[in-house]
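Two complexes follow with chain A in common, the first pairing it with chain B and the second with chain C.
The block that comes next holds the complex of A and B.
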């Protein structure tokens, strides 16, 4: 099939970007979307033009590297599908596709479709873990975990950190990402001791990075390639609220030291 | 060249790791902060090592070429992780996991390393659970297990079909905790270009910042390489697009021996190639073979029919037929070769690519009848979805089509029992080293090895080295650093200045196809000799006709790829030579000249019971072969039999 691609081109972080139009012929319906871009790039190089920069690695929908907006939808039109797993059979001959990077002030564009998502790592740094050193923890079966809790925890843990939720959100909020980690750990017995402090610290970093607040719009859940649910946001909000009671910045941890 | 492996020989193998740990030197907690350690790579091995060393108090710098340490390719492992917990009470033990791994590796691994791996496997599960890795559980709240290829016990722990992701996120969270604590400095989007060796000791690395293009050097008291395997030498593989041999190859050029490069693993269950534009192959977890049955039509003329039009009596469940006791769960190398064999006989299924159908069915109809669709969905739901997304076919209704693809590389830099390469101060962990899997890796053992090395082995062996060197004694302005930096910059300038006519990808594709044809699932002396003649020709053309557009400053993905492909073009020759010199078949290395009457691999233990460790002598020059003899005192050399 034949396509018209309108792709955001931007030389570097400080350059002014613009859309450029490229016609592309001979696209097979069995190609993945990124394979289609590979073909375009080989053609561009042949014409002496710089290829389009885009991030990708595993091409199996799990590493979270890839992602850009296709015709207004993060990762394109297929629900629960990363752009590397999107196949050209969902498009029609003659379609015009507009490709642009994630848009959020916390995700500066570095080049073409590549953005800087290091803000997500910094949110994890503030509490997205259970504080246990490598060593000799108790036997794994010493703490029983109900299958239900474990399954729900896994649902939240499936987040790949691609940033589509931020790109979809009218407020550019990263609450779906942040809450998925809070819920993953908060649903497990191992995650209880730090549960509320974790929510407080991660929320503070989320805001400091310039992500917007959640206004329950729901675009994030619709765009998420892994089906992460907004119920995680409700749970994280609950944890945060509780943290304000026991971990208020004014009082800090128990003033009696006990 | 000293190839002594340094494993204790005076104690029972069961006590060797404890004894060795006791004999090793320690670094006083107050002195640890004076030592700088570089960890290159942030997959399971790199992230777990960096986090643990940070916890111990060392100053760690960790480098990853992706935008975040969480992207490393360990994340794509689906099926699970082995551990000798014996939670199922089905006769598993450390000894049995050790035995299975040595045997599964076709007797080309070092016994002492494998025993240690089996021993620490149980700690990994405890550690990961404590970190909040949501492993699958039974209704009673205990951890669930499943069985995996090459084993007759259920010892595989899993988190749906995303075990690698969950374990990596566990290690990543531990790493980020140390970043927050100020003990690890993370350098994302930073690629290692060279190892700096001074007075015979690894003292630092040269890196390129992939965002700005700046080439700089970093000094440290020790360098740990956790940079994964070289499967992308085949271009099409299940590895992530960015996986490359550069870090290990550059260390090899600086003196680290490269061991058993011809040992590559072909995974039996991948989605078949659909067309010439294909950029990578997608693996479907081997766990599918637990409940799926592999078959092809008995008669070639049935191959064009829809699978449901082929009567039960006309189907050949060839793995169950040939290997009745292991059936669909026989080891990967055996399952892969059997698939190739039936396709070579013209009994492959699916669309023809270049005139041949290369695919076999993996059928869940029986499992759905036996267990119900709900249970099958619970076990494999995400894999089925992934399959449908890629092929457009629904595996609940139509059998999956599978074909083998390159997946893992058992070879890697030679290391001793301490995981130190032949360059003092340069340690190699995870897939990047050669040590534990011999000629074939069992399913669910890669995650085990990566984490064993990073959490439980390196953090003990590295201090033993550090205790012998003066902390912070490396001078980052010494001539060795300047020279390595200048060399790396000159190479970039050279790549930019060729301005030829062919793209980097076209060279990579050409090399990969050739490697797959001549050094893939079946190898011959004739094919390998031809391959050795052709690789230098491609390499020469690359260096005179490649085109890299844009600028060396800033993000330039073509330049990144060019450097990696240039290294593959050197590495491929050593790999082919290793395959040629190993005149036997073992594990993933199948030489057609060396097979039994019924087509099974034929080892020659009298001549080849050694690890082949190659020493670099120059590009295009024949490397020198060093042999580490392998002794099997506990698992006796025997022909593998999965019948």
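The block that comes next holds the complex of A and C.
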């Protein structure tokens, strides 16, 4: 396969980036997208040029590291597929592919296609946990969880935090990510004590990071490599409004440390 | 204690305000459209309906205050969210390939202002007749301020081609606006889970078609002199 790649090149966080065009020949259709970029980088290194920086780790579609926008689609054109699991057979010989990093003010570009996604970590720090007493683990069946809740919770827990929802959203909102984390814990009995405080704190951190509001376009759901549903957003909105209108949870650590 | 400022500052809270006010306004338009169907039942029917709405002036003013307030909050929420949205993505993509968003959802920020212009003109046309009357529809005199002549006012106005066509276009925009808004508002208020989503979509689309379609049918019938 012969391809033309238009790739966003940016030296560092403060540099001004621009697109550069690279022709690439001899691409096998069995390569993954990242392997194709590996081939490009080998060539660039051979020419004494700076290789294209992109984030990757497991290359199995489960770590959430990789991801950039290919021709306007985060993670490329295949539904429910991370870019490391995307294969070149999806594209045609002679295609021109435009590669851009996730675009959001909350995700500053570090280099080329790599963005800083630590804003998502800070949202998690605000409420993506449950507090339990330490000591011996209790019997696995002591807390009953209905099949319905366990299924929905596990579906929400499949989120790998890759940031494709933010990249796809016309408002650069991280509501799909945030709501998946809220729903994942809020649907389980273990998550109930902090359920509404969690929604309140995580939502407020979401806004503080500079993510946009949710307009219910549905682009996030379509781009998500793990099939996270927008119903999580409805649930998290409900939890948040409950915390504001009906029962206001305490914020911050309690005075007695408990 | 409900902290209104805190709710307003959060984007989810602002969205809830937008959704709740949208729901009030949508509810009003359903009643408004159904009431206007009286035009098909003749002059007396329409005029009686108009007089009925003004029977208790306090009630009419109460409704105006609620609806006006809802509209102002709806617009304020839009301005705030639009700014936040623009700040969240300072650099646009070179290539955008929409997958799930619809023409209805992507044009909300344009159909909204069209509907606002329509509302202002509509109020000047038929509620506050005196204001700008000579400029807006020269040669056309509205009858009686307290609306016993609702039929005459409505039919005369919409038989002017410019106004008839404008009302039809504005209501088509309104339909676009509702097609997305009526479903989205349930999600913004946390009212549509997986189980309710199908019902919400069906109900919202049905009511949208009813309101926008009904208004367009009324305006078209008058414009084409089906109703005289």
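The definition used in the following text is that the second predicted complex is superposed on the first by the 242 of 258 C-alpha atoms of A that agree within 3 Å, B and C clash if a C-alpha of one lies under 4 Å from a C-alpha of the other, contacts with A are read in each partner's own complex, and residues count from 1 in each chain.
In the analysis below, contacts are C-beta pairs under 8 Å (C-beta built on N, C-alpha and C of every residue); 3 or more make two chains touch, one makes a residue touch a chain.
This structure is a prediction, so every number in the text was calculated from the model and none was measured.
When chain B and chain C are set side by side, the one touching more residues of chain A is B. Judged by the touch definition given at the top, the superposed model places A:218 against chain C, while chain B stays out of reach.
After overlaying the two complexes on the shared chain, residue contacts for A:206 are found with chain C alone; chain B is out of touch.
By the touch criterion defined above, A:241 reaches chain C but does not reach chain B. Contact with neither chain B nor chain C is seen for A:10 once the two complexes are overlaid on the shared chain. Looking at the shared chain after the overlay, A:69 reaches chain C, while chain B stays out of its contact range. Judged by the touch definition given at the top, the superposed model places A:39 against chain B, while chain C stays out of reach. Against chain C, in their complex, chain A makes its touches with residues 6, 19, 69, 71-73, 98, 100, 103-106, 152, 168, 170-173, 175, 203-204, 206-207, 210-219, 221-223, 229-231, 233-242, 244-245, 248. In the complex of the two chains, the chain A residues touching chain B come out as 11-12, 28, 30-32, 34-35, 38-39, 42, 45-46, 48-51, 53, 55-65, 78, 80-81, 85-87, 89, 110-111, 114, 116-118, 120-121, 124-126, 128-141, 143-147, 150-151, 153-154, 157-158, 160-161, 184-185, 188, 190-191.
Considering their complex, residues 1-3, 6-7, 9-16, 81, 84-85, 87-102, 105-106, 108, 180, 183-184, 186-194, 197 of chain C touch chain A. Residues 48, 51-52, 55, 66-73, 75-76, 85, 87, 123, 125-132, 134-143, 159-160, 162, 164-166, 169, 172-174, 176-177, 179-180, 186, 188, 211, 240-242, 274-275, 277-280, 282-283, 385-386, 389-390, 392, 455-456, 459, 503, 505-506, 547, 549-550, 554-555, 557-558 of chain B are the ones touching chain A in the complex.
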